[in-house]
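Look for subunit A in each of the two complexes below; its partner is subunit B in the first and subunit C in the second.
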Partner chain A sequence: MSTIALAAPAAMPSAPARTSGYMVLAPSCLVLTIFFAMPMGTMIGMSFMDAQTLSPTLLNYQRFFSDGLSLAGLYRTAVMSILVAVCVTVLGYPVAYYLARSRSRWRALVFALALAPELAGVVLRTYGWLIILEDRGFINDMLMHLGVIASPLPLSKNLFAVVVGLTHVVLPFGILSLTTSIQGIDPNLERAAQMLGASRLSVIRHIILPLSVPGIVSSLLIAFTMAASAYATPALLGGARFKVLATMIYEQVLFYIDWGFAAVMAIALLIMMLAISFLGIRYETRRSARRSNREGGAS
Partner chain B sequence: MNSFDIELVSVSKSFAGIPVVQDLNLQIPRGEFVSILGPSGCGKTTTLNMIAGFNTPSAGDVRVRGKSQNRIPPERRNLGLVFQNYALFPHMTVAENVGFGLRMRGTPKAEIGEAVDAALRSVRLDGFGSRYPKALSGGQQQRVALARAIAPRPSVLLLDEPLSNLDLKLREAMRVELKEIQEQLDMTFVYVTHDQEEAMAMSDRIVVMWQGAIAQQGEPGSIYRNPATRFVADFVGRSNILSVRRSIPGSEYFELCIDGTQIVLRSDCAGNSAVQSCCIRPESISLLNVSDAGTGPQNRLDGVVRRIVNLGAHVELLVEVANGLSLTVLVPSSRSSLVPELASTVTLGIDPQDVQVLSD
Partner chain C sequence: MNRVLTCLFWLAIALVLTFITLPLAVVVAASLSPSSAVTFLPWEWTTVWYGDLLADRWLQPFLLSVKIATVVAGISGVLGVLAAYAVVYERIPGSTAIMAGLLSPLSVPQIVKGVAIVLFLSIIGLQSVLGTPALIAAHVVLALPFVTRMAATSLANFDGNLDRAAQSLGATKRQRLQHIVLPMIKPGVLSGVTFAFIISFNNIPLSVFLVRPGDTTLPIAVINYLEYSLDPVMAAVNVASMIFILAVIFLFEKIGGFSAQLHGGSK
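Let's look at the complex of A and B:
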C-alpha cells in the first residue's frame, strides 16, 4: 500500500519528460535524413549504376580495383593523411602542453596565435604556401639568389607541399583536442612524480604522454579524416602531379561526368576513414577498459 | 650539521603583491611529527609548497638539513609528499605507483620489488600490487599514496590534509596508523591540517598558523591548556572566551573584571594590566551542589540553564550567569544525576588555574 503511494508521484513527472526527450531529437533526425542519409543512399545507388545506360552494374567497382590509378590514388591519400596526422600531433603537442599548463600572461596570446589561422580560410592559407613553395616561389627564389642551388627544388606539386599545407590547415584542431586532453590531467600527478624524483622530461614521458593518449588518438583521427577529405589544399599544392582521391573524384564528376565511378571512389574514401576511426576508437576503449578492471595485467 | 631537518628562516610569500605567508620562522627537529594547524586559507599549503619546492619564497630561506634549498628543484630535495586527493597515477598499478620513486632513482628491478612489498606491507595492503587505483576504496588509495611516498625513504614526509577525504571512522583509524608508521620509520613528518583533533592526536608538536604567521607552537597538551592568544583558544578545542575589562594584580592571583557584568574571576595566570580576554575550557567548569558551599573552587557563579545539547558522551549546557554573559559547560553524561533540567538554577565552580589569560 504505502510503497505504491510513494512510487506513484515519483513516476508521474518522469513520464512526460521521457517522450519529450525523443521529441527533442526530431529536428536533427529530420535534418540528418535529408542532408546526410539521402545523399548517402543516392551515392551508393549511383555506384552500382552505369553512367550511360543507367542500368545496374558492378563495372564501376571492377574498374576501381583493376585500373591501377584508383588504388594508387587511395594509397597516396592514405600516406598523405597519415603524414599529416603525425605532423599535426607532433607539432601540436608542445603547444597544447603549454596552453594546458601555463599560467603566464602570454598564454592568451599563444592561444590566439594558434587558432588565428582558422580565421583566414583554407584557400587563402593554401595560396600563401603556394607563394612560398612554388618553383618561382619565395624559398626557391631566395636559395637561387644566394647561389645555394642552380635550379628550383621540387617544393610544390608533390606530397611534401600538400603535407605542409594540410598540416597548417589542420593543426589548430589537433592543438584543441590535445589541449583539452592535457588539461584533464590532474597537475598534482606531475608534482607527485616530481616529488618522487622525476625530472621534467621523465614527468612528460611517464605521466603526461601516457595519460594524454586519448587526446593523441583523437588528434590523429581528426587530422587523418580532415586531411583525407580535404580538397582545396591538395588541389592547389598537389596539382595534376600529385592527385589524391578527393581531387580525383572532382575530376571524374567535372571532366568525365562519370558519377558512378566518382561514387565508388567516394565510398572507398569513406570506408578508409571509417576503418581508421574504428581502429582508433577500439584501441582507446580497450585501453581504458583494461585500466578499470579490478585486477590489472602485469604488475 | 645541526639536528633540524627543516628550517624556515624569515620566509615570506606573496602572490601578486598580496602577502600570504609573512616572516615565518620554524625549526623542525629530526624524527618529529609536527603539525601545521590553521583555518582554511591561512597559508598552510603555500608553506608546504615552499618546503617541497613548488613555490619559491618571496623572501627568506628554506633549509633542509642545514642546506639552503632556494635553488634546488623539488625532484632533488629528497622529500616525500602525500596529497589531499592522493594523486595516484591512474595508468599504473599499485605496485608501479609505489615503485615509481625508486625507478626514477635508477634502483635495480629486484630491489624495487622488495621495497614495494615492504612499503605495501607497512600500510597493510600486501596483495594489492596488481590492482589499478580505480579499483580501490578511498582509504586504500590513501594508503597507496602513503606507501608511494615512503617507499624511496625520503628524509622528510610532507602531508597536506591527507585524511580529509575519508569518513570519520576511517580517519580516526588512520590517525593511529600514521603515527605508528612515523615512529616505525623514524621519519620526520610535517602534517598540514585544519582539524585540531587530528593534530592533537598525532603530533609531537603543533604549529598553529593564522593569517600567514605562526600564532603559537608547542606540545599539543600545552597548546590546549595554555593558549596564548584569543585566536588559538578559539581555534584549538572549545572554549568560553570572555572579554576582560580590567585586571587587578593580587598577591596570589589576578582578579579579572569581566566586561559588561559585575563578575570578578580569579586566575592563577601571570598577566598584566594589558590583559583583554581570558579563556575557560567548558570541561573545566564544574557544577556545584548546595552542600559544597564554602569548600571547592574559588570562583563560584550562579546561573540559569538556557540550553541542553546531548553530545553522546557529554552533555553541553549553556548557562546564563549574568545579563548577556553565558558560559558553555561540558558535563559527562555518565553522571546523569549531575545533569540539571532546563531553566533550573545551578552554581558553577571554576578553579583559578583554569582561567587562562590571553594576550590579545
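Let's look at the complex of A and C:
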C-alpha cells in the first residue's frame, strides 16, 4: 500500500538512542492500542457473545446468514459499490486522459474543477443531490413545470440516488488514480501508432486502454472500497427504503442496541473490504512479477 | 471519424465537469434563494439565511467541531511526528512491522472503527466519556496514521547529507533536530496536520456513534436536520463551512505548507 523507504540516518543508533526511540513511539502505540486495537478486539469478541448474558454463542452469525434482511443488505452494498466503481471509472477516464495529456492553459481549471469538490465535504455534496433529486426537487420541479411528467419521477431514496451521490463523492479519487496511470504511458507510443496510420479509435483500443489497465483496476478498487464503507450518502439519499450494511450497522447500534449483531455486520463489511484489497494486492504482485520476468527474459 | 471522436471526447469532459459542479452550484444557489422551499433557479436572491447561522443551533456545533478538530490536529501532529521520528530517523529494530501497525487503522472502514469504539466504551462502562472526549480519541485514531505517514515520507525524503554535515561540524543531536530535521519536515507535517483538521471537522461515520445531545459536531447536526427538512438554512450552513475549510487551508498554506513542499524546501 504505502512503501516508505527508510532513509539512512546520520549515525547508527546507539543503545540510548534506541531506548529514546521506543519512548517517543510509546504515545502513538498507547493511543492506537486503547482506541483501536482493544475496541476491534472487543467488537470481534462481542460478535461471538450473547449481548444480554455475555455467554459465548454463534447465534449472531447464524442469524446473519439465516435472516434475509442482513443478506439483502450485504447484496445491496455489493451491487451499489460495483455500480459506483464502474461509473467512477467510466466517467473519470476521459477527464483523466485529458489531465494526463493536455498542455493547454485550461488544464489547471479542469484539474481544479475535478478535485475542488473534495474539499466541500460529503454533507454539502449529498445535500446538493438531495435538492436536485427530491420528489419536489430541481429535476422533478423543472419537468413538471414543462409538462413533461404529471407526477414526480422516483429519483431519490433508491439505488439510483445513492449511486449518483457516491459516484460524485468518489470520482476525484478515481480521476487521480487514472491520471497517474495514463501519465505513465509513453506518449511516443501513441504518436508512432498514429504515424503508422492507426485511427484515433484503434490507438485508444489497442494502446491506451490496455496500457492503462493497472490504473483502471486501482480506480475500480478505490471506488468500491470507498462506496462500500460510505455512511452519510446512503443514509441521506437512500433513506429507510435503500439500506446498506453501513446504515444497518448504525441502526443496530443506536436503535435496536443489538451489539452482537451489529458486530457481526461490521465484521462482514470489514471482511468484504479486506477481500477486495487483497485482490488488489495480488493483482499488483502478479503484475510486477510478470513485468520483471519479461524484463529478465529480454536482457 | 477522428473529428466525431474528438467532439465526443470534449462532450464527455463537459458532461463530467457539469456533473461534478452541479450539486455545488445548486447548494450555493439555494443558500441565496428567498423562498423557503428549495426550487430551481432563484430569480431573486437574499442573504437572510446566512443571518441564521449565528443562532445557537448552528454556532454551538460549529464551535465544538472547531475545538475538536484543533485538538485532534495538535495531538495527531505531535504523536505522528514522534512516531515517524522513532521509526524512520532512529530506525529502531522492527521498524517495518511497527510502521505497518501504526498504519493499520487505515485498512478498517470508519464505520467499523466507530462501532468498535462505541461497543468498547459501553462494555468497560465508560459511556460517560461519549461526546467530546470520545470524539477526540476516535478522530485521533482516524487522523494519526495519515499524519504519521506524511511525516515519515518527509523524513525519508530529506537529504541526510545535511544532517551528516552538521554532525561532522560538531552539532549536537538537539541542535540538528531543532535546526535541520524539524525545518526540513515542516511542510510535510503541516500538510498532515491540515489534513487531520479537515477530516476531523468533516467527519461523519465515526462521530455519528459518539455524539450525544448537547455535544454534537456540525456535520452531525446538519445530517440530523436534513432528515426532516431541506430548507435553505442548510445550504447556508454548508456553504459557510466550506468557506471555513478553504480559509483553514489558506491559513496553513501561508504558514508554510503545501506549495513550499512542492518546491522542495521549507523556505
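We take it that the second predicted complex is superposed on the first by the 242 of 299 C-alpha atoms of A that agree within 3 Å, B and C clash if a C-alpha of one lies under 4 Å from a C-alpha of the other, contacts with A are read in each partner's own complex, and residues count from 1 in each chain.
Following the convention adopted for this analysis, contacts are C-beta pairs under 8 Å (C-beta built on N, C-alpha and C of every residue); 3 or more make two chains touch, one makes a residue touch a chain.
Since the structure is predicted, the reported quantities are computational estimates derived from the model, not experimental observations.
J.: Given the touch rule stated above, what does A:73 touch, subunit B (first), subunit C (second), both, or neither?
T.: neither
J.: Please indicate which partner A:274 is in contact with in the superposed arrangement: first for subunit B, second for subunit C, both, or neither.
T.: So A:274 only meets subunit C here.
J.: Tell me which of subunit B and subunit C touches more residues of subunit A.
T.: C
J.: Given the touch rule stated above, what does A:191 touch, subunit B (first), subunit C (second), both, or neither?
T.: A:191: touches subunit B, not subunit C.
J.: Name the contact category of A:113: first (subunit B only), second (subunit C only), both, or neither.
T.: In the superposition, A:113 contacts subunit C only.
J.: What is the contact status of A:207 with respect to subunit B (first) and subunit C (second): first, second, both, or neither?
T.: In the superposed model, A:207 contacts subunit B only, not subunit C.
J.: Scan A:199 for contacts with subunit B and subunit C and give back first, second, both or neither.
T.: both
J.: Should A:291 be classified as contacting the first partner (subunit B), the second (subunit C), both, or neither?
T.: first
J.: Touch check for A:125: first (subunit B), second (subunit C), both, or neither?
T.: second
J.: What part of subunit A is shared between its subunit B contacts and its subunit C contacts?
T.: Shared contact residues on subunit A: 199.
J.: Per the contact definition, I'd like the list of subunit C residues that touch subunit A in the complex.
T.: Its residues touching subunit A are 1-2, 5-6, 9, 12-13, 16-17, 19-27, 30, 37-40, 78-80, 82-83, 85-93, 95-96, 98-99, 101-113, 115-123, 137-138, 140-141, 144, 148-149, 152-153, 155-158, 160, 163-164, 166-167, 176, 198, 202, 204-205, 208-209, 219, 222-223, 226-227, 230, 234-235, 238-239, 241-242, 245-246, 249.
J.: Which part of subunit A faces subunit C closely enough to touch in the complex?
T.: Residues of subunit A touching subunit C: 1-2, 4-11, 13, 17-18, 20-22, 24-25, 27-29, 31-32, 34-36, 38-40, 42-43, 46, 91-92, 94-95, 97-98, 110, 113-114, 117, 119-125, 127-132, 134, 136-138, 141-142, 168, 171-172, 199-201, 225, 228-232, 235-236, 246, 249-250, 253-254, 259, 262-263, 266-267, 269-270, 273-274, 277.
J.: If we count contacts the way the header does, which residues on subunit B are in touch with subunit A in the complex?
T.: 52, 54, 73-76, 78-81, 83, 85, 87-91, 93, 95-96, 100-101, 104-105, 129-132, 134-135, 148-149, 152
J.: Give the list of subunit A residues in touch with subunit B in this complex.
T.: 186, 188-189, 191-199, 202, 206-207, 210-211, 291-299
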